[in-house]
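Structures given as structure tokens follow.
After this come two complexes, each holding chain A, first together with chain B and then together with chain C.
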Partner chain A sequence: MASFIQLLVSGLATGAIYALVAVGFTLLWQTSQTINFAQGEFVMLPAFFILAAMNADAPFWLAALIGLALAVVILGALFKIVIVDPMLRYGVLPLVISTIALSLFLKESVKDFYSSQAQPFPALVAATDLQFFGAVISTQSLVVLAVAIATIVMLHVLLNNTRLGRAMQATAQNPTLALILGVPVRRMVLYAFLINAALVAIASILISPIYLAKFTNGETLGMAAFTAAIIGGFNQVRGAIVGGVLLGVLDNLSAAYLSSQYRGAFPLLILVAVILLRPQGLLGRFEERTV
Partner chain B sequence: MSRLGAAATAAAAAFAIAAPFLLKPFGIFLISMWAVLTIAAMGLNLTLGYAGQVSLAQGAFVGIGAYTVALLTQAGCPFALAFAAAGGLCFAVGWMLGYPALRVAHHYLAFVTLAFTTLVFLVLRNEQWLTNGIYGINDIARPAFFGWSTRGALNFYFFCLGTLAVLSLATWWMLRSPWGRAFVALRENPIRALSLGLDTRRYTLMAFAIGSSLGGFAGGLYAPLVQFIEPGSFALGMSFNLLLMVIVGGGGYFFGPFVGALVAVLLPEWMRITQGYYLIVYAALVMAMMAFCPSNEPIRPPILIRSSGRDKLGSKNMAEVPASCNLYPLSAVVPNRRLPAVVNLARCTLFV
Partner chain C sequence: MARLMARLGFLASVIAAGFGLASPALAQPTVYIPAILELSGAGAVSGTNFRDGMLMAIEEINAKGGILGRKINNQLLDTQSDASISRAQVQKVLDNNPHVILGPVFSGSVLVSMLLTQQAEIPQIVGGEAAAITQKAHPSIFRTSFGQQFSMPKIANYIRDGIKAKTVAVLWVNNDFGKGGRDNFNKEMAARNIKVVADVSTESGQADFSADVVKIKAANADAIFVYTNEEESARFLREAKKQGIKAPLIGETTLLGQKVIELAGEAANGVRGHVGLTVDAPIPAVKEFAERFRKRFNYVCDHNGIKGYTAVYFIKHVTEKVGKFDSKAFAAAAHGITISPNQEPNILMEATWDKNGDIDRESFLGEVVNGQQKIVEILPKLGK
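And now, the complex of A and B:
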């Protein structure tokens, strides 16, 4: 039982990080039909921005802010203007290839210009363990969980309780109508890209102390984000949250109780099952199928 | 085929036969790799370009084919039989993978096939008793036919080229048969195809199965070509690469994969002059190629994009923009979506 609670909490913590990444992924899809295959590398990169800033003797909090700002500019605005905008009108496939090339580009750039070795990354809090009904729970997991939940709550408030958020939702649901009603659709799409960049930067700060900052980190993270987004529902922010958390917990539990060799396979089997039985995802709306 | 097309094909074939005599061993290895990957890309072109079913699983089929041939020949089975088994196994697995395609389309299908690729990778890596896991399989023998050994690089290249020729002829013949027409109908308008009495269900499965079996055949050549296979080669990277070949060459064009594979095999090698940075440069080139010269048929663009202006710039307006050509030479050439990306790229570069 104690080990179950331990696994559950650490699963929730990784799941919350997956959820952040998956939410950004669905935001891009909803507002601009962008499938970002470089989303994993987007999580990998901000950690290196922060490390670079710290190498220039910036304290951690300042480095984190610099990393966040750089991520928003480069992974948000530049990504949209340079890569997505010129290609969107040609449909999904060329953009898919382009983002795959982008992921290779980012990975190789970090490898060649920073380091191919895993880099230690400072944690938000010192690693201490708490005893809780016999289960040992690291404060790190709890902090990760708290930050992730706070971020998601803030995003939720932004999307549902502000004028800006409702304009973004209108853009996602029906861009034509939103434009007619006076919503600045193009700016809303840009905001979605900026929010995605901020989310991946936060995820990067949370996950890098656990996995160390390494140029290959994006591969598993990107995969987890797609899977989470699809399991939960490609067109719903709450779906992505549920999908992410579910994935993190299932991943941990199946690795411990079923088979650690095939740990990567369980999420995929769930993914295939969900797509076949409920293509819109667990919480998703049904999308008109373009046959 | 027009007379010009026939002449171009003959010239290309003559070049393919003459090329290895001018090359060093590594060059021969590369063009052999081109022939092998062209077969796989041709299969994906059938599934994606002609039948319109998005698949990110072609690399996994190359893997299944490669392992089948490697394991069977090492168990003493003659190469021809192992080769046929590779194609047959991939046909069966591809048929089964087609079932999801009956239920979901487009990006969902891309994700199902992506999951399949990762699952195949995991099985290849974890089932050590069969595949030797991450250590891979070494010393895969190259076959000999009636005393003609393909052990040398040159002979093996001609073996690959011959197989490519036979399989392309078969594919060409199939695409011109009613089956090929049915595949295109499936892509263009499945509902209409259904109402015209085509069994779209069967043809969807068929498109997957035949495309996958070509992937299996490619794998059957890949194993003896490289002589060492390990699961990592057949992970998502290869599927992405094959997709790149089809899109760059132009999906739905018979010779698209030939050109696309040439670009995808040679471009990274040429970029080696930039030394350690060749993959970065290659990735940047791919992004540029996709941005300026996408050849894929557009899925209806959202309104915010349609109002952006450049889309309305038809080819007849091209005469009006020469002044801007000097500033933005690439973007001033409006890509013609009916042409493959490579052709557009050539047009773009000529305008510079």
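And now, the complex of A and C:
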């Protein structure tokens, strides 16, 4: 039982980070039909912004704010203006290829200009443990879980309980109608990109102490978040949250109780099952498209 | 007239340069020794340490006139820690007739690429530790560190006599290095009647070790043997500390490496094990090398840095013994050779290469104390 609780908490913490990244996937898709295959590298990069700031003698809290600000500007605004806007008019596929190219560019740039080696990254709290029904629960896992949940709750409140959020939802559901009704659609789309950038920066701060900051981190994270978004439902924010958490927990439990050798296969098996049995994802909305 | 002569002289020098006859410096012959290393990907820590040690040795040798009067022409190629890329890179350098090839470090990459050097009969000095590397009848493969068939008996003796363990849990990385180490380790455990109560495979590049640590912890073994690469070792140690593992954590060289200590922080304290090579060895030549390395590259090198450095001096010594740049003669002369610091000071420690290319030299038992590797015992050469 103690082992199960430990695995559950650890899986929830990892899953919550996947959820943050997966939510970003769904936000961009809903508002601008952008599938960002550089999303994993977007999580990797802010950790290096922060480390660079710390190398310039900034304290961690200031470095984290600098990292967040740089992420919002570069991975939010610049990404939209320089890559998405010019490419989107040619359809989804050229944009997908552009984001794949961007992921390679970001990865190689970090390798060349910072380091090819993993870097230690400071944790939000000191490594202490709590005893809970015989299970040793790390405060780091609890803080990761708390920050991720708080971020998702704030996002939920923003999207559902504010005028801005409703305008963003209207843009996601029907941009033409939203424009007729006076919603500044272009600005709403930009906000979605900025929110995605903030989410990946937070995910970066949460996961880098566990994964260590390394230029290849995006490969695992991007794939996990993409899988989570599809399992949960690519067109629903709540679907991405469920998908992320489910993936984190199942990954841990399957590695411990079934087989650690095949742990990488279990998420993909679930993905295949979801695509076969419920193509719109667990909480996704069925969409019909004319060809 | 003088201006005309000057112009003619300039013209003559341009033409001469075009034919490669410009100056003695440009015309000086070199010896081509390329290196295929893990400069990015999961093996970047190992590969970059090996590279920097190697570059330091090359700079020193070239500054003193090179090998047999020829400066070393070194080309660096990145395997990206990928076996198929390493094979392609070895093929690429073989087309340029190298004297010797250095690398790769990852055993999987060595096992794939060594078939090419075997066909070409070009000596290959590798950093890989998988036992299989020197068991494939390659006539000119040479190690820079212990193969697992040599290091595992030492670690097994330590677990039996030092830790006095009756049961052990094994955590290993599922690649050629890890699988080879795990197979040899389990064989040595069986020979000493020590029961393996948990056998946990992990993936190269794995980030989350919580499930693996839960499994290991549940096994309640007297000791835990960890055999993964640097970054995974650090992640495992952090998770083991988080989950309050109390059993001794035992490793073989990598687990006590400088990069692992740096990445794992306090979680590395208390780790023990066998160390084939270390800059913390109580040997003046090694300490002096470590200091020069730190000044040159601004970080503390690990065992791979020593491997890269001594590999180049191994090439220099054997080539000078042969007296010419002949790859086949090099391989013949290197088998069975013993190089002592008296003969070649920069070999750092006396080393012997056997007929298979396996290396034998002194090694160490170590422990991480307050973020520093501390050597507690020197183990003699196996041949002594």
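In this text, the second predicted complex is superposed on the first by the 288 of 291 C-alpha atoms of A that agree within 3 Å, B and C clash if a C-alpha of one lies under 4 Å from a C-alpha of the other, contacts with A are read in each partner's own complex, and residues count from 1 in each chain.
Heads up, the rule we're going with is that a contact is a pair of C-beta atoms (placed from the backbone, for glycine too) under 8 Å apart; a residue touches a chain by one contact, two chains touch by 3 or more.
Here the structure is a predicted model, which means the values were calculated and not measured.
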Quick check on the superposed pair: does A:93 touch chain B, chain C, both, or neither? Answer first, second, both or neither. first
Looking at the overlay, does A:140 come into contact with chain B only (first), chain C only (second), both, or neither? second
For the overlaid complexes, name the partner, chain B or chain C, with more touching residues on chain A. B
Looking at A:264, would you say it contacts chain B, chain C, both, or neither? Reply first, second, both or neither. both
State whether A:120 touches chain B only (first), chain C only (second), both chains, or neither. second
Counting only touches as set out at the top, which of chain B and chain C does A:220 meet: first, second, both, neither? second
Looking at A:32 after the superposition, I want to know if it touches chain B, chain C, both of them or none. Which is it: first, second, both, neither? first
Once the shared chain is lined up, is A:156 touching chain B (first), chain C (second), both, or neither of them? neither
For chain A, which residues lie in the overlap of the chain B contacts and the chain C contacts? 261, 264
Inside the complex, what are the residues of chain C that reach chain A? 39-42, 44-45, 48, 174, 200-203, 205, 207-208, 210-212, 214-215, 217-218, 230-231, 234-235, 238, 241-244, 259, 262-263, 265-266
Within the complex, chain C is touched by chain A residues 3, 6-7, 10-11, 14, 111, 116-118, 120, 127, 129, 136, 138, 140-141, 210-212, 214-217, 220, 251-253, 255-256, 260-261, 263-264
Taking the touch rule as given, give the residues of chain B at its contact with chain A in the complex, in rising order. 54, 100, 103-108, 110-112, 114-116, 118-119, 122, 126, 190-191, 240, 243-244, 247, 251, 276-277, 279-280, 282-284, 286-287, 290-292, 294, 296-299, 301-306, 308, 311, 331, 337
Within their complex, chain A touches chain B through residues 32-33, 35, 83, 85-98, 100-102, 104-105, 108-109, 112, 175-176, 179, 185-186, 189, 223, 226-227, 230, 234, 261-262, 264-265, 268-269, 271-272, 275-276, 279, 289-291
